[in-house]
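Consider the two complexes below, in which subunit A is the common component and subunit B and subunit C are the respective partners.
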Partner chain A sequence: MAATFFGEVVKAPCRAGTEDEEEEEEEEGRRETPEDREVRQQLARKREVRLLRRQTKTSLEVSLLEKYPCSKFIIAIGNNAVAFLSSFVMNSGVWEEVGCAKLWNEWCRTADTTHLSSTEAFCGFYHLKSNPSVFLCQCSCYVAEDQQYQWLEKVFGSCPRKNMQITILTCRHVTDYKTLESTGSLPSPFLKALKTQNFKDPACCPLLEQPNIVHDLPAAVLSYCQVWKIPAILYLCYTDVMKLDLITVEAFKPILSTRSLKGLVKNIPQSTEILKKLMTTNEIQSNIYT
Partner chain B sequence: MDLIISTLNMSKIGYFYTDCLVPMVGNNPYATAEGNSTELSINAEVYSLPSRKLVALQLRSIFIKYKSKPFCEKLLSWVKSSGCARVIVLSSSHSYQRNDLQLRSTPFRYLLTPSMQRSVQNKIKSLNWQEMEKSRCIPEIDDSEFCIRIPGGGITKTLYDESCSKEIQMAVLLKFVSEGDNIPDALGLVEYLNEWLQIIKPLSDDPTASTSRWKIPSSWRLLFGSGLPPALF
Partner chain C sequence: MASRYDRAITVFSPDGHLFQVEYAQEAVKKGSTAVGIRGTNIVVLGVEKKSVAKLQDERTVRKICALDDHVCMAFAGLTADARVVINRARVECQSHKLTVEDPVTVEYITRFIATLKQKYTQSNGRRPFGISALIVGFDDDGIPRLYQTDPSGTYHAWKANAIGRSAKTVREFLEKNYTEDAIASDNEAIKLAIKALLEVVQSGGKNIELAIRRRNQPLKMFSAKEVELYVTEIEKEKEEAEKKKSKKSV
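Take a look at the complex of A and B:
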């Protein structure tokens, strides 16, 4: 837990540790018994990220994008981004699930995508039946710092393709946004973008200015793309409502007119209705009196 | 490091891509205008200034648990394979862990590996710098042995020890610091380094100059958060 500038206590997942922990870790390293090592290795195995095939639930032998050709990959991270892609993109075409990522950490245990309620955490991969090189990832679970590189390896592999384009959608709390004025006066939700050097198309919103930074899985994916010269763009929605929220999801709408989602969205009014229904279903489920 | 890269306008030449550091991205932290503000930066990048044969590695995030030792191994392996003549590590140590003698003296310290000592000892002696003292390996035990300890120095001690055994020419320059606004500490440390390397004209040659000759990067804005809501007052 951590306190924000105004004293609110917020959950701050971080497996990175502090300097004091580093020194303890060094001490432990010197004192570590075979039993300690075994416990640590067991925990590491428990925290492993596994990519499973849809039908057989067996692990993929190679990374996802080594197995399947990919020209376009859209990744939604977090409930609101997932709801946006579900309503506007997945309902506009026929998408087939190719696999899912199974992982466990202190904040998240991923569920099976076949028997899923809208509140459960999952990470599924889909491709468009009419154009199987177009991929989608719906990731509503928290991927911890020590799992992010594993996730990258399992999805992208060690031989990155350059002829694909990546689009990432995610949300951050507006209090994370640094600006001269108070964040309370900002018209949230609002969109910002970050793109890699090789992404030449214009973003549909302003770029994220310094001193603002991004971390977690979106940062891991964008870093990978920058290093390996893959065109990628991250659309970041700053919002004051982190749980599933209609206004936050609709803040992603400007992306519908970009090349990233070109040809993937058919009927926007119908998608908006589907989104409203999704919100209503979730509201009923989150009522503590039912 | 930001001050060195920013002031000398060093060019980015590559990335130290590793799974040992917490991922982070942002736009160019050294942007000076609209035109150069949109180059993406990641958590570990390499910059160079060929005219001074200087290469800088900037680390922008903390280590993932249990990954600090593997990082040190990868870093030193890269230092050796890239043929770096000398390595300088800029670091710090908790000021609250100082002994009485350290409390009364300069807050700056240096350490040299044996191979570095052989090549720069005379120069360092002429600067009248204070070498990092040995202290009790286990502070709570009175008859504990003495060794070099750098509490709060992260991987500094590991890098130093490994460089000693691998015969890498390494110098550690550190300052005793406290938590809080470390901008003055950064300016102090870069001036300390400058006494030796003379990256820019030393202060001693120009007593009227202030530390404002170092270019503060745009990424240092709003270090302590956004503006305050007017309603607070």
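Take a look at the complex of A and C:
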């Protein structure tokens, strides 16, 4: 028990342990009623990450990479990274959708957990028809902390193969970049890389300096790969424009020369045109310009 | 490489650029295309109609505006900036008429708009206007005029010009096709404007808006039907020209 400045007595949490009488009280409060259990289960069901097959829309029985052999996996997280892969990689070959991940959390714009529109945030998985061991993931939805482990399990499985290479692309706001300089003087957008111990190839940009902090799903994937000794590299684009932006997407271009994407990109000028079109279609709805 | 601070406000960069003004010109390119043609007895303004949301009232999205009875303009770029510039220009037109008892000349009002735009490239805490304008009209002497202004505050007289998205393509078309024959009659000048827009407008005539002014006549806005008539005529002419070509080659 503790007294506040205003004289009220509050129950302060005590790390030294609780007294016996208080323990009994707490236990009573802690005992779960059937309703509590029901609510908890409902919430867990709502937040479940489901990986669905494309044609049948049924759930995959095993994880994606256990079902399909994979030598190369490129993951784009966030709308700018997704736009980059759409214009430069997906337009240079024939990609077949193998499945999609459906998940709901508070960041979703709809309260309907079953009929998530594919035009809004989505997470699709594709493989190259000419080389089905090359996989691509376009993830434009936010995967919450409690769902990241489920996502990894459904995609990679509990015992992943080590003979594949993972490349992750994502964006963060430049204010997340830890530096002594002021963010106004940084030449954003700029690219930084972070790789696992087993990734031996050179990165096409400088490595992320200490404190090299990464967040959300990209961090989860990278940690997973580090633990399971899978070679993986994260290309992180720091930008000052978080919405879909041409200059930010073009900042990913140095990656086209790396081993991860070599051979997957054919016609760069055409891809640039496709990217510009993608930008303009997004702008038509706005009334700012006439 | 430009250091960061001269991108945020309008001051010179070490190599002599005004980045904010150049960025304002990029904002102009985000607006839909507008084309202006100066004929012998007519001035034509054609614009690509912006796609309007379903529930939006189409009448409130206008790219062609009258500044006075004898002057009108089309703009491309930031809608809100255009509204402010047009309001100021309209007030100036009336103020001029009341002060000197003469309507403004096209060149006068263009110079006024250009001076206004230039002021905003030299004031602290302000950004340039993100619009380019095509101003057309007839002066008292009966000569048709077409002027273009841009965010830097410069203005020039043109025989034909285009602004906005794909302006370069339209300008190249005009350079090839603006001949004395092409503007010989009013109808030919109107068709030239529509043909220029059809180069870049998707889904044809229903996305084109046209306004003309003939000497000593008020501004006329074409209805969608009238534009369609011209578009049909142009397509017919194109077909006939192609038939002739194929006959010749045979």
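We take it that the second predicted complex is superposed on the first by the 241 of 290 C-alpha atoms of A that agree within 3 Å, B and C clash if a C-alpha of one lies under 4 Å from a C-alpha of the other, contacts with A are read in each partner's own complex, and residues count from 1 in each chain.
In this section, a contact is a pair of C-beta atoms (placed from the backbone, for glycine too) under 8 Å apart; a residue touches a chain by one contact, two chains touch by 3 or more.
Bear in mind that the values here come from a model prediction, so they are computed numbers and not experimental data.
J.: Looking at the overlay, what does A:A219 touch: subunit B (first), subunit C (second), both, or neither?
T.: first
J.: Of the two partner chains, subunit B (first) and subunit C (second), which one does A:V62 touch, if any: first, second, both, or neither?
T.: Neither: A:V62 stays clear of subunit B and subunit C.
J.: Look at A:Y149 in the shared chain and tell me whether it touches subunit B only, subunit C only, both, or neither; answer first, second, both or neither.
T.: first
J.: So which one touches more of the residues on subunit A, subunit B or subunit C?
T.: B
J.: Where does A:V39 make contact in the superposed view: on subunit B (first), on subunit C (second), on both, or on neither?
T.: Touch partners of A:V39: none, neither subunit B nor subunit C.
J.: Between subunit B (first) and subunit C (second), which, if any, makes contact with A:S185: first, second, both or neither?
T.: A:S185 contacts both subunit B and subunit C.
J.: For subunit A, give the residues common to its interface with subunit B and its interface with subunit C.
T.: 184-185
J.: What residues of subunit B sit close enough to touch subunit A in their complex?
T.: 15, 17, 19, 22-29, 31, 37-40, 42-43, 61-69, 151-152, 154-155, 158, 218-231
J.: Using the touch rule from the top, collect the residues of subunit A that touch subunit B in their complex.
T.: 5, 15-19, 21-23, 25-26, 29, 40, 145-146, 148-149, 175, 177-185, 194-197, 207-217, 219-220, 222-223, 226-227, 234
J.: Mind pulling up the subunit C residues that touch subunit A in the complex?
T.: Result: residues 1, 3-5, 27, 30-32, 50-51, 53, 61, 63, 75-80, 82, 165 of subunit C touch subunit A.
J.: Can you check the complex and tell me which residues of subunit A touch subunit C?
T.: For this pair, the touching residues of subunit A are 184-185, 187, 280, 283-285, 287-290.
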